[in-house]
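Right, one structure below, let's go through it.
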Amino acid sequence: MSLLEIDAIDAYYGESHIIRELSMDVEEGEICALLGRNGAGKTTTLRCIAGATPPDVRQGAIRFKGNDITSVPAEDVSVKGISLVPEERRIFPNLSVAENLHLAEVVNNKSNTWGRSLSFGRTGMSTEEVYDQFPRLDERKDQRAGTLSGGEQQMLAIARALKQNTDLMLLDEPYEGLAPKIIEDVEDAVKRISDAGTTILLVEQNAAAAIKLADRAYVIDQGQIVFDGSADELRDDTETRERYLGV
Amino acid sequence: MSEEDANPNAKDANPSSSEALVGSDLFGRWEQLRGREGTVVGLTAIFVAVFPWLFARAPVVSDFLQGYQSLATLILIWGIFAIGFDLLLGYTGLLSFGHAAFWGGAAYASGIVAKNISGDPIVMVVSGTLFAILLAWLLGFLSLRRGGIYFSILTLAFAQMMYFMAASPLAFLTNGENGLTGVDVGNLFGVIHLEADIPSIGGMLLGTWLYAFVGFIFVAAVAVAYRILNSPYGMVFRAIRENEQRAEFVGLNVWRYKLMAFIISGAFAGIAGSLFTIHGAYVPLQSLFWTESGDIVVMTVLGGAGSMFGPVLGVGVYLYIENIVSTVQALTIPFTDIVLIKDFGFYWHLLLGIVFVAVVWVVPDGLWGIIGRVRTFVSDRMGGER
Amino acid sequence: MARDTKPLNRRDVLKATGVAGLAGLAGCTGGGGGDGDGNGGGDGEDYPSLGNYPIEGDTATFGFNVPQSGPYASEGEDELRAYQLAVKHLNEGGGWVDSQFDDLSGDGVVGYTIDYVDGDTATDADQARQSASGMIQRDNAIMISGGSSSAVAIAVQGLCQNEKVMFMACLTHSNDTTGKDCVRYSFREMFNAYMTGQALAPVVKEAYGEGLKFYQLYADYSWGQTQQASMNQFMTDVAGWEQVESVATPLGTTDYSTYLSEAQSSGADVLILNHYGLDGANSIQQAVDAGINEDMEIIVPLYNRPMAEAAGGAIENVYGTLAWDSQIDNAPSKEFTEAFQSEYDRVPSGPAQVAYAQTLQYAAAVERAGTFYPPEVIKQLEDYEYDNIGMGSEVMRGCDHQAQRDVPVVKGLPGSEQESGKYYEIVNITSRDDLGYACDAGPAAECELGSYE
Amino acid sequence: MSILSDIILILLNGLQQGAIYVLLAVGLSIILGTLKFVNFAHGALYLIGTYAGVFIALNISLSNGKLFEWGFTTFGLDLGFFAALVLVPILVFVVGLLMERFVARPFYDRPDTDQILVTFGLAIVVQELFRILFGSNSLPFDQPETILSFGSFAGIPVSGPVALPIVGNFPQWRLYVIGITAVLVALVYIMVEYTDFGLVVRAGTRDAEMVRLLGIKITRPYIVVFGIGAALAGVAGVVGGPLNVVNPTIGTNILVPAFLTVVIGGVGSIAGAVVGGIVFGLTTAALVSLAPAWSQVGLYAIAAIVLLTRPQGILGDEEVAP
Amino acid sequence: MPLLETENLVKEFGGLVATDDVNLTVEEDERVSIIGPNGAGKSTLINLITRRLDPTSGDIRFKGESIVNLEPHEVVQRGVSKSFQTASIFPDLTVRENAEIAALAAERGAFGFEFLRHRDALTDVHDVARDTLNSVGLLERADTIATDLPYGDKRRLEIGIALASEPDLLLMDEPTAGMSPEETKSTVELIEQVKRDHGLTFVLVEHDMEIVFSISDRIVVLSRGGIIAEGTPDEIRGNEAVQEAYLGGVEI
């Protein structure tokens, strides 16, 4: 059984039919890349998995650890162990770095009643561990997150996901708008997370960077999977690359 | 209410009816007719002509309705106000909470003109309306800079400013709290005393010259409003309501159209406010208070914002409940003496509030929308039998 | 306005169709009274039709337009009780009809049974006019009475003048009602702001002494303005006091703390709060909370019951005037209080007495005139002298339709001594001789009554 | 009267008038800011709070209304003011929860105008219900003589005047109004700034979906926000009720100034509501001193000017995305 | 003289440079596509040209005149029209009215005082609206309420509204986003037909490379706010900088 199974889903934004009978699997422990040009349906796929609405999934099923999560609300999907690091990071600019991180563990905090109570044994990374991983965030923990640089914000978004109780991390365009040097830092972070046992589904437009990290890759175009194989296979398949990813 | 039964077919502002029901039978021809401007105005005129008789003097019907002449006049006056208000709320999608400024402002302006310059009814209407137009231009120019709730609050703030100005700093003009008394309304065309009854059959139908005067202006207001809705403006107003940004991006100067909607709406309020002064020969200070703005909102929405006659229906229902149902002492089962609710009239405002909430909640197109649906249902049935 | 000219009286039709209309909405029940004994009529021959005259059928309808919602509803309800009592006495005898009004028989008025309709003014001039015009046009009321505010009374009496229907003003205290806004068809039993100043001055002078300084706050509308002007005039002229300052408080003020603070530090000895009703309850309550009553004496020119109820103990030792009170010790007052109490089991308020008196006064004038034809009734009321309603010997002056009468001056009781219907003690009844003004002076100078027809 | 005492009086009077507006505006503002819900029935919550306060604190005598007709001539629990101060917020909190569930929630996705209309209608219904039950005349809501009295402890006297330096006598209760407001607003501020609950609310105001993606069921804190906003309006009714007469129109009468307070201060921030209320109160007090006849006109003019020149309100900057 | 040119156009949001010194020229009758990876600044550029956003610096000229200080509707009046990424239509109006509104603005200007003129008398407006609906294939559905149209037809209507404004330059923002392959195909046909019939100049922002390469005369590639390449489809296809921008710039 794969960790995540997507079985022929159709998803719509309002009346726009974005995802068409898309099927894919993510195996436990791997880094799986989902590639495609913009507008191809990558972000929509991630949002379907994370339970965000819109889009709404009208056909097919999404299973996580064998359980159907197709129409489970976002907050419950998160609690089940899927965390989304969304496009453009979506950190909370008006909160401090520490508050941003704390927010991710509010749900795990037994003293509050706002989230769903948890029966999972495992909780996310502790704050100390996170700061160990991302020392820059430690330095800036009292700063308002809106004042961080783009790379720092991306680190914060990833760190926030780590603080959740994550088995599957959905990374949506983590390199977008970052300088090459910073991209390397993010790559390192992703590798570390993967090495620590978290499964990662990585969405990127920057195919090269993604293939470098990934074990396996899917290519999506017009809401459908057009390539499915190992990262190496994709690397060798020039035609697919140029047709669906390049120009 | 039977005054509405008189014209359930004098219809919507939307002439290009989506139901293309064209047949050679009578019903089909009727459907064709009802959209036409002349038909609408004609039916309105017929309605205006028989309304006071049905309401206040007809055997059985008026005994049942308990209507009276001056309320009939008042319903038409508020009806003009509501038609204008609906141009703004229903068609352009702007909720003003300060239309008392135009209604009351025009009422005061025409009253002050009557006291100091001329009591000629036409001069009063013209001066009150001009004042309302100028005021609407100014307040619209300022308020339309903000959208949504901020627009509503701005209009409210401006209208309240007018109220407090009339209450005290301008009391030398407005007579403050006591209201503007001693308004002498002159004769129409110098000869017709408005308070007098119309002789012969005209009097039997219309009652007073005042009603005839108001009724004439009401029909004219319906004709003008109907024409505006069928002019480029009507289309642009609805376009702004539907999708303001798109309207801007097809090259329309949305801001100026909104301002025009505001001014036109203010002008209707002004006509109505001036007639209100002529009707009562008196201007209450409350005519500027924000509850008056609230009343016109309630009336319009109750009847059905975004339709031509819905707001007039809303006015009728509101004023009927306020003035007639409120005096009913016991609600009884028809034709018996069994009392269902004692002191029924005492609950009139509560009743109105509940009906209003229900309308907003369940039928956003108001009572008129309900009538429309019943009509569609019936016409579908009739169509189905063919 | 259009008159109902069809032969069948609409109210009769109404009764015939039952208390309920088809949808059950039309169940308008009036007071008592059937169709009368059929002996009336007769008086339509001599006079042209005017307003709602002549009356069709055997029943004459009065319209009682009182606040039934809004802040003065309790006062309005008490007025309505008095009106209902008056109608009952007119038709069946009892109360002053038997004891004080020789003109009245207790068997209807000039052969007509009296019926009534009531309406709600909500203390809103606009709504009051709508209500009154319904009574006039639909119910063919021959006389309207009511009011619990000057703006309402002025608005309605203007309408009545236009409609040629008589208006017997109940509680209205503004100078304007019988001053610049006076009309031929309206009569006022209640005294006005001007007379309040005259009535209070000698009393407070005696209570507090001469040579004091006073500070006024007044509601910034016509009643408040005229009230503060007359207080200034009479406190200065009669009591020999000196005004420090007079400050307007805008309409709609609910928080007087800033005004009161300034009054407090002005060095004045007396604070006059020219606020009526709930405004008055607010300002006096706030004045007491601020401890002003510790350093200054407070005067409230005009009391009413809702205000006293709302202000509670704050009115302790505060002087003011009052329309009438059940504690007044004379025969008519006692008789009215007894009649009212036996009917309703409660103590009548001042406005109730005015309402009752005005209704009987009108009916008596109709009897004297022998007709409901309004100009004749008006002529019977103008300059009529009477001494039968418990306020001494009075005259209803012809030049401005203002009753010349005594004015009771009262002092508020402490909260602990207050009980339902009893909030003040009577300290003086200032005589009519010490009050009033000539027809060419004071408010009357501005009055033009208008035509009879 | 010296200029100094003038100024102090304007400050004190302005603060205490502003205090009531602050209590109303904080609730109105956080509901508007977090839930994007325009609540024209907020005044009705104030009304409910005031009447509940009268009912709990006192034993009043009624003289009209249906309750009176049904035989309730005297009415109330007579538990004292402190009990009202504690119980009313709880009661109105519950009313707020019900209102959120049954009125606000169906309208979250509908336009502003529909929200305004339905809550405006609801305000009419509530006002009329109170008018019908309690009558339309005013109830006396006396200021408490003392607060915190229980058992043998007589309590702290709060009514009547207190002598202040420079300005002389000042109504003591009004100082308590300022104090109670300050304490409550501080509590709410602490709750919003320093608790997990507040963190969720602040984050949710900015990006509710992201909060949900973090596993937090955002609707629960939102409902609580609505309840807290309502409870504050209820408290305003209890502490503000004794300052004025109590009748069924007080709810609608206070709504307009409360809304102006919100927009002056800036929607969505507690600090904005506080600043808005203080500015509104001080402006009123100052205008009343300087130009009484124009004070109301001036107040609305100032509100309009703020709306036109600074639509985000005085403290609205915080809420503008970087 | 180019129909449209931007000169050193810069737009910053806070510290972020969304449009970086862009010098774009579009000649009359030219079909230009703007492509680029996510966040390249395509939408910002379009929004600057339609005056929905104010540039931080630089100039935009249309037919040789600067339009930087104009209101959006004035830009439309000059002849720049835009079709939106989603179906931005007037949902409760009929299809015909949707087109008429745009035609009204084109024929009668941004604002007029004809509020007492029956719109049946505006024959010019009706003609334009009818022609437009005909050319987008919606004439038969003219009396349908727009919201009742299927999605593909709504998008056609969207394009129809833009065309009824009688533009000299049409900016199309992802005209096929969210369409089924069949809808996409028919939309491409529509664009080509419009190109034939109206001889329009247009600027297309599109992700679907097939469409881009098949209908463009020239392609402009944006990345990180700036133009990194422009040229004919063939030139772009082989351009390394472009491949790098899309595929990540790392040797594979």
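The letters A, B, C, D and E name the chains in turn, as written, and every chain counts its residues from 1.
We take it that a contact is a pair of C-beta atoms (placed from the backbone, for glycine too) under 8 Å apart; a residue touches a chain by one contact, two chains touch by 3 or more.
Computed from a predicted model, the values in this text were never measured in an experiment.
Chemist: Where the contacts of chain A and chain C overlap, which chains show up?
Modeler: Under the touch definition, chain A and chain C have D as mutual neighbours.
Chemist: Minimal path length between chain C and chain D through chains that touch?
Modeler: Step count on the best path from chain C to chain D: 1.
Chemist: Which chains, if any, touch chain B and chain C both?
Modeler: Common neighbours, chain B/chain C: D.
Chemist: In terms of CA centroid distance, which chain is the most far removed from chain E?
Modeler: C
Chemist: Using C-alpha centroids, which chain lies at the maximum separation from chain A?
Modeler: Max centre-to-centre separation from chain A belongs to C.
Chemist: Can you work out the whole-Å distance between the CA centroids of chain A and chain B?
Modeler: 57
Chemist: Averaging over Cα atoms per chain, report the distance between chain B and chain E in Å.
Modeler: Spacing between the chain centres: roughly 43 Å.
Chemist: Suppose each chain is reduced to the average of its Cα coordinates; what separation in Å results between chain C and chain E?
Modeler: 74
Chemist: What is the distance in Å between the mean C-alpha positions of chain A and chain E?
Modeler: Roughly 33 Å separates the two chain centres.
Chemist: Can you tell me which residues of chain B touch two or more of the remaining chains?
Modeler: Residues 164, 167-168, 346, 349 of chain B touch two or more partner chains.
Chemist: Residues of chain A that contact two or more other chains, please.
Modeler: Answer for chain A, listing residues that touch two or more other chains: there are none.
Chemist: All pairs of touching chains, please: list them by chain label.
Modeler: The complete list of chain pairs in contact reads A-D, A-E, B-C, B-D, B-E, C-D.
Chemist: Can you check the complex and tell me which residues of chain C touch chain B?
Modeler: Its residues touching chain B are 1-4, 6, 10, 13-14, 17-29, 68-69, 117-120, 124-127, 129-131, 133-134, 137-138, 150-151, 154-155, 158-159, 162, 174, 176, 181, 220-223, 248, 250-252.
Chemist: Which part of chain A faces chain E closely enough to touch in the complex?
Modeler: 13-18, 20, 37-40, 87, 173, 176-177, 204-212, 222, 235, 241-242, 245-247
Chemist: Please output the residues of chain B touching chain D within their complex, sorted ascending.
Modeler: Within the complex, chain B touches chain D at residues 89, 93, 95, 142, 145-146, 148-150, 152-154, 156-158, 160-161, 164-165, 167-169, 290-291, 294, 297-298, 301, 346-347, 349-350, 352-354, 356-357, 360-361, 364.
Chemist: Enumerate the contact residues on chain B facing chain E in the complex.
Modeler: Contacts found on chain B: 16, 18, 20, 37, 224, 227-228, 230-236, 238-239, 242-243, 245-254, 256-257, 260, 264.
Chemist: For chain D, which residues count as touching chain C in their complex?
Modeler: Interface residues on chain D, with respect to chain C: 1, 5, 9-10, 13, 16-17, 61, 63-64, 131, 135-140, 142-143, 159-162, 167-174, 243-247, 249, 253, 284-285, 288-289, 292-293, 295-296.
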